[in-house]
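Each remark here refers to the structure printed beneath this line.
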Amino acid sequence: MNGAVKLSGRCGRCRISRSDKVAGSIHLVELEIRDCPVDLERPRPGQFFQVKCADGPEHILRRPLSVHGITQWDEPGHSLELLVEDVGWGTHRLCSLSVGSEVELLGPLGRGFEMPRAGKALLVAGGMGIAPLFFMAREMDHVDAGYDLVAGFKSGDCAYAPLACLKGGGVLCTEDGSAGEKGTAVGKAAGYMERSVYSMIYVCGPEAMMAEMSRLAEKADIPCQVSLVSRMACGIGVCRGCARPGRNGDNLCVCREGPVFDSTRVEWICVQ
Amino acid sequence: MVDLSIKLAGIDLKSPLVLASGTAGYGVELASICGYSGLGAVTLKSLTIMPRPGNRSPRVWETTGGMLNSIGLENAGVDAFLSDFLPQLNELGVPLIVSIAGETAGEYALLARRISGAPGSIVAIEVNVSCPNVEKGGLMFGAEPQASGAVTSAVVENTGLPVFTKLSASVFDIVRIAEAVAAAGASGLSLINTLPGMAINPVTGYPRLGTVSGGLSGPAIKPVAVKAVWDCYRATGLPVIGGGGVYNALDVVEFMRAGATAVSIGTATFQNPCRFEQIACELPDIMNRTGALRPADLVGSVKV
Amino acid sequence: MVDLSIKLAGIDLKSPLVLASGTAGYGVELASICGYSGLGAVTLKSLTIMPRPGNRSPRVWETTGGMLNSIGLENAGVDAFLSDFLPQLNELGVPLIVSIAGETAGEYALLARRISGAPGSIVAIEVNVSCPNVEKGGLMFGAEPQASGAVTSAVVENTGLPVFTKLSASVFDIVRIAEAVAAAGASGLSLINTLPGMAINPVTGYPRLGTVSGGLSGPAIKPVAVKAVWDCYRATGLPVIGGGGVYNALDVVEFMRAGATAVSIGTATFQNPCRFEQIACELPDIMNRTGALRPADLVGSVKV
Amino acid sequence: MNGAVKLSGRCGRCRISRSDKVAGSIHLVELEIRDCPVDLERPRPGQFFQVKCADGPEHILRRPLSVHGITQWDEPGHSLELLVEDVGWGTHRLCSLSVGSEVELLGPLGRGFEMPRAGKALLVAGGMGIAPLFFMAREMDHVDAGYDLVAGFKSGDCAYAPLACLKGGGVLCTEDGSAGEKGTAVGKAAGYMERSVYSMIYVCGPEAMMAEMSRLAEKADIPCQVSLVSRMACGIGVCRGCARPGRNGDNLCVCREGPVFDSTRVEWICVQ
């Protein structure tokens, strides 16, 4: 996996320059990096930020959120995009903040996806898994890498994947067929795998979906990188709160060694 | 000008601020984000003789004003620590407090010998007694005065370093335990460890932690910690590393007034890895407002 | 449609929601602000034989996610309660749980007899064992299994009403105490009382409470309370009135899943005196999301 | 003492229609009662509201704040004024709320000042004690009752008492002479007592100042009503958190029997 092996993330305070509800309970939050007092490193797809959703001693843990996009990183006025689903109090407070509010960020953290060296890649996103994979697709567009993106959602009202703005091929599907094609992300991806040759598969989504995609990829002998989710405290490798079992009896430290892992390292579990 | 330096059981530290065990890893990770200036010492995550994989995921859950954790003492084991981490740490130059955890008094003694033979920045040993006592059917050592004392003796007899025994406040009478630890020759006390707690997802019915229950830390427990510090300080007079829910410099002064010579910062590090630096910046101003010239002036100064 | 009614140690209550002792006064004050519909029962502030003036001011202090109090069992005494308050309460028609506190087992026995002889809405006695045991040098009754059991027996032998013993979670092993109380014939348990805590004004050095230390309550302690309920429910199978930090209907379901038959609301009443009404409104919806048809379906349903 | 003997206060949610810093760390916060879902009773001078300064389980206690003024209570569009000194997190959050934010109120609570039946009254305010006494003065203006108002502050930068808009006589004084006349409220009040005859004295301010004024009033045999401060939890008489000693060995329940008491009932203490 590529990315920040050394801890290079720093703490910064940024202004929200945009916050829109883009679907169901999904919000697109744009943060202005310009005013941030420290030079944040350019984030890579798959990396994340630890975001402080409220101030004060009463809110002690940050929330990990993937980078969904960056704009003009090397120019003044650059900004960071997060795609946030409102699922609990932390994400709810973040989504409720109005433009102009400030938010504390720590990052970019973790190791992101490794860019494919050659050939075509398959990107498979389930639900909010679209957040990092959309960023990945845009970065691949920059270097004219070939890919297909499958973005699956439960239904149309929680679907957000503006595929038209991407250069690569792609399909949006929903389990109930209420938007895009009817079907699951894994089902669609399996179809793509039958029709095309891929040199690499990238997956982010619910645990069961990633487990299934990994199985398909390993069977087809295609290298597969998965972005894991785990509840985090520190996000920087000091607390071991995010550790989950690896396939070789080892522990995977999701925040620091991950969140992106080669699928063969992962022991799939049922997270509650 | 306020001078932040302290003397803790004979150890000279340039600041009363100490990072708490388990919340600062092996001390090297934070160093790459924050400088270690303003810090008195780093307490390392508890070491055991053999490496431990730790507990089942999920291991953390946020609660109102605090968090639950069930890391399960995941650590690389004392040998890997001494060979892989200590050399790097010695280069950083920050004083280290090494926390040890065992399942028998003999394991504590062995750990103490290993640590004491190591060169470099180690200034003290912290004895984590919130571990199951395998010889006593799994009851936590820290639950009983005798077991706490026995473990402390085992360590004291096997080291020349100052020994701080770290107590749990989830006992009825912490003072009796503190007294037993004092009688066993501890140089000081470290207070408090997490409180046992549990959380359940009401909708699904699953516990929030993979191990069902875990330890509660953070600002929520501060009043319990302040009381434990005051009770033990008053009863034993031993130097105390006090903490539990410290969030800002006002909290640091509160713990000093309750009797803490040094003050530990744990969970607050998760809100901001550089929190201790911010606290170190705020501290002189708060101390000025109390009229204190050095931390020692504040220790145990609560007006009761 | 969710049916909120429950059976608590043989008592029929129309809702699992109970107001906690000391946070709802004598039950009459709140009735003039909120209706008592949606409520299962009101637990009255602990009564002693003689009137008590209570502790020195200040008596309350807010902490992160909670509060400290040192009211000191201020109350009018059992006789004044029976003559001045009970008649009004009987008119309100809400079931009453009367909490009693004594300094000797004999006092508990006497209080139980007085209460049991009173007419009207009283459906149960709650035994507050977080009081200093005068015969045992001031140690809290609730600290020891024997003393907790002895006090429980004294009450059980002197009343025909169901008896709930209310335990403190600030002991190492609450299960041993719960078992002693069960063996002594308690109909059920009430969990948990406040945790001992303390706060100091860092700038002035004065304790925040007139009595220096007090009891911590509110959402901050919820994880400790949930664990106590689960541990005691699993060990004894006794019906539990569970609470500590309950703030909304999700918390109510969390306590039920941990083993509470009824759930108590204390400190949250201070944030809003009609909080229990709001909770009663939210509860059916949350229960629906769990698939439960009645509270009993949820009791002890945590998936461990 | 006059006012709500029965608990008639209700809970309501009101919009902030104005929030201005009027001096030092003192803010004037105006709340629109119009939109409040319940009919709040008309508050009387000396009564207070329990104000929720932040939402969520992490902020459990309300803060007691005196009524500083009411406008057009019996007409639509009526509002409530609070004068709030930012001294800690609760008052700080309240003072930080912007116009349009909503605040939960419980009240009016407690017993207020008893209106004088005849003669001239002396109103003595120390610091934030001006909050209820200014309201008292305005209500006395309504019924053309005669009074003198002494408003004392530490210094000019924390002084707020727009006496000019009152019909009664009055003086503003500061301990350091940086605004109004130089002197303490008690000192000035003693001077007034030498020059005029008063049928009633009303006092609100720091404990020591109220103790001293009570002594003067009792010596001069003038009935004196004091508005006490005590830390509160419930504000409605159920918790006994606010109780403080009375002169006859009894307890004074400040929130319910008070906050206004006849000075002869009070045992003065040093509150920390």
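By written order: A, B, C and D. Residues from 1 in each chain.
The working rule: a contact is a pair of C-beta atoms (placed from the backbone, for glycine too) under 8 Å apart; a residue touches a chain by one contact, two chains touch by 3 or more.
Bear in mind the structure is a predicted one, so any value in this text is a computation, not a measurement.
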item: Far-end chain from chain B, centres as C-alpha averages; value: D
item: Centroid spacing, where centroids are CA-atom means, of chain C and chain D in whole angstrom; value: 35
item: Centroid spacing, where centroids are CA-atom means, of chain A and chain D in whole angstrom; value: 55
item: Whole-Å gap separating chain A and chain C, where each centre is the average of the chain's CA atoms; value: 46
item: Residue numbers of chain D (touch at least two other chains); value: 57-59
item: Touching two or more other chains - residue numbers and ranges from chain B; value: 64-66, 204, 206-207, 218-219, 245, 247
item: Arrangement of touching chains [line / ring / star / complete / other]; value: complete
item: Touching residues (chain side chain A, partner chain B) in the complex; value: 6-11, 52, 57-62, 90, 104, 106, 230-245, 249, 251, 256, 269, 271-272
item: Partner chain C, residues of chain B touching it in the complex; value: 63-66, 68, 140, 143, 170-173, 195-200, 202-207, 212-213, 216, 218-224, 226-227, 230, 245, 247, 250-251, 253-254, 257-258, 286, 289-290, 301-304
item: Contact footprint of chain B on chain D as seen in their complex; value: 57-58
item: Touching residues on chain A, where the partner in the complex is chain D; value: 56, 58-59
item: Complex contacts: residues of chain B adjacent to chain D; value: 64-65
